[in-house]
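First subunit A sits with subunit B, and in the next complex the same chain sits with subunit C.
Presenting the complex of A and B:
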């Protein structure tokens, strides 16, 4: 009944629960559907995201870990050059090894079965700290980040506070 | 024109056709026999899908495509099984020198990723975490309820217990962040 993907996801869930990385909580929404997870990521220190907590949903394909999951921030915008306005995260580790439409990513940065949910979440954390300006998913945010950094930081801090209901 | 060239008349054409038919048949049959002879390896999936080979060799560039083809051929083109085998450290066997991979014409092959970008589910956009996780009661309790022993990790053999532990870790993380933010806002005001 349980497939390679389900076994692998369960194993990752167990590892993330017994030995969680700093500032990260992740697991399936319910164990009845191992292909749908929810994760919380703390904003990295020393960035405008500091102090914030960001919720994201991860959707895994049936052939995980051959193909990567998709990740989407939910419940409020994350104003960031590499996050689409609808919340979908765009970073190299979430791109399948085959396609590289932009030809700037190394194969080693992209998805492969030796990566994991933990590595994705850690990559997203460092993405929050250091946006990749090369292929913005949110053009407006990228422009703001490049040209009006203080406005960008203020906007991010506002969103962080709103995200916590303050 | 057969009249002008008597060397190529109907009967010689027929003979040629019959002879080539038997030659081709003999070739095909010999191939089939060889398959039976070398055991199960040729029984099924004796054609390797290049998309699958490509998929695996991109994930594991250090492996030889010949080894990958050999393994795929033997497990009937099961990419997941081959990957599992590589990941569990068993490695791939070296194919015998007689192994001649037959490569199929490229087809749709590799399973496509379901693009979940258009998921309808995401509960109420623009909602803050407190209302999303129904934490307003706990926020009002001002931290007295939130146990100080913030359970950093937890695993249980019981499914419900695991679910509860995960939810608690989530709630604790959000409430702690909220508390810190509250103090920060108060301090700066």
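Presenting the complex of A and C:
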């Protein structure tokens, strides 16, 4: 029994494997469950995240692509204004247009069925480079980013190094 | 599920000489389901989607997924041109892809054999047009088969064609168009004259049914089913809604939100089917509704972790393997018996040699048991994709370790 969601996820999986964007790898944890993916994102160059590799898990709803997936960094927190301390990513492309709890996002940046895993991961990569501190998920990190940028960058670099086991 | 990588996709063209077909194929696919357009319709903002895809989007959000303009499903219009493009492309796809992939393997073999050294790409493409001129014997057979297939297909054309013999006027109660000489019913002539291009009726070989505007004569054959109207659910009481679902012939159990979702899904399935050139039967639609019921409706598991199909992170492999040890032993024994039998029947002389290899296979199997129970059940699944992020991670980490410069 293959549903629309499964088929579409197969398409995205195949597309990402045959034609992956720079610095991004993603695919289902097991092909028995297309609704649970793992992704790896390289830290963007020229940012304190450079050199890091960040693992995340994506969970897709059964009515995907009508509703967006959720994304959570795993294995060590990512110190970033738009990432909750538990790793959950808070970014407008992952929010359905219906509800805007934060009242700041343009509808055009929000989830739509024509978005894709690839676009999400690219957005997350650029989010790492350019935090949006209008509605931070991690208030401490946002404050640090705004007021003590060098401390923030040092902390991020430390986290990256720790994440690599150095 | 093992067909993941057999799923036709626009990326199939990427590593062929025809990589420029990748964007063409993408353009013929729906942006919502990523499949070829199925009953394409166009929105008032001029975006095209599968009828069912856009109906589902509109009933959840009321907006076009591409540009977020508000739209209503009543305003959707069929997009025949796109449907024809998709059908034509899908017809051509397998043979073009085969040709595109061929140079890497077969041409080389042929060069080896000293035949067809200069089979240029141009000529191969010509073969697609069923031109029977000077093509190598093998290809010709193939293209002839294609032609034959096409000729058998267009049985849907209802217009009587007599362009072959203009003198002959069949006594079929039809009249011919004064411009193009097609024969049709008397009352259809005026309507036809409005759009008649003057081209003579095309020869049979080109008339893939869908390439022609649907002739008026065939329309009355299957009267299009009536569309279901949208319901303002807030105006209906539970009992009325339940009765409505019953009248429609769909399940009417469950709490109210489920009833509404089920009705919406049914309405979308039904109305999308009304857009189809070849509508499905109600029974098929009911089966589709049943799939919906099991995945997203009343029979779905809210957690999403369908029982047993996924290995949880905290899965206790050791306990599992001890609990089911006897089962695994039996499976391994069976598999060994079968492979032994196979070896014996196919190459009896090789049996002694093979028996040395058997233990290796069995060791591998046993080693796999405790760590990866799932995989044992589906040994045919291509698992190369399953753990590809991990090796990548290892590589990346190594790379990073090498290049990382500790600041300060």
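Just so it is clear, the second predicted complex is superposed on the first by the 166 of 166 C-alpha atoms of A that agree within 3 Å, B and C clash if a C-alpha of one lies under 4 Å from a C-alpha of the other, contacts with A are read in each partner's own complex, and residues count from 1 in each chain.
The rule is simple: contacts are C-beta pairs under 8 Å (C-beta built on N, C-alpha and C of every residue); 3 or more make two chains touch, one makes a residue touch a chain.
Quick caveat, the model's predicted, so the values are computed rather than measured.
Superimposing the complexes on subunit A yields a three-chain arrangement in which subunit B and subunit C clash. Judged by the touch definition given at the top, the superposed model places A:132 against neither subunit B nor subunit C. In the superposition on chain A, contact of A:97 is made with both subunit B and subunit C.
By the touch criterion defined above, A:112 lies against subunit B and subunit C together after alignment on the C-alpha atoms of chain A.
Within the superposed three-chain model, A:63 lies in touch with subunit B and with subunit C [touch as defined at top].
In the overlay built on the shared chain, the residue A:162 is in contact with subunit B alone; subunit C does not reach it.
Applying the stated contact rule after C-alpha superposition, one finds that A:55 touches each of subunit B and subunit C. Judged by the touch definition given at the top, the superposed model places A:10 against subunit C, while subunit B stays out of reach.
In the superposition on chain A, no contact is made by A:47 with either subunit B or subunit C. Comparing 9-17, 45-53, 117-125 or 153-161 from subunit C against subunit B in the aligned model shows that the clashing stretch is 45-53.
Taken together, the two complexes place residues 4, 14, 17-19, 25, 27, 30-31, 38, 40, 42, 51-53, 55, 59, 61-63, 65-66, 97-98, 107, 112-114, 161, 164-166 of subunit A in contact with subunit B and also with subunit C. By the touch criterion stated above, subunit B contacts subunit A in their complex at residues 54-55, 58-59, 61, 79-80, 83-84, 87, 110-111, 113-117, 119, 121-132, 136, 139, 152-155, 159, 162-163, 165-166, 169-170, 173-174, 177-178, 180-182, 184-185.
Partner subunit A is touched in their complex by these residues of subunit C: 1-2, 4-5, 7, 9-11, 14, 31-35, 53, 56-57, 60-61, 63, 65-66, 68, 291, 294-296, 300, 304-306, 309-311, 374, 378, 381-383, 385-386, 388-389, 392-393, 396-397, 400-401, 403-404, 406-407. Within the complex, the subunit A residues that touch subunit B are 4, 14, 17-20, 25, 27, 30-31, 38, 40, 42, 51-53, 55, 57, 59, 61-63, 65-70, 72, 74-77, 86-88, 96-98, 107, 112-114, 160-166.
Note for the complex: subunit A touches subunit C at residues 1, 3-5, 7-8, 10-15, 17-19, 25-36, 38-40, 42, 51-53, 55, 59, 61-63, 65-66, 97-98, 107-108, 112-114, 157, 161, 164-166.
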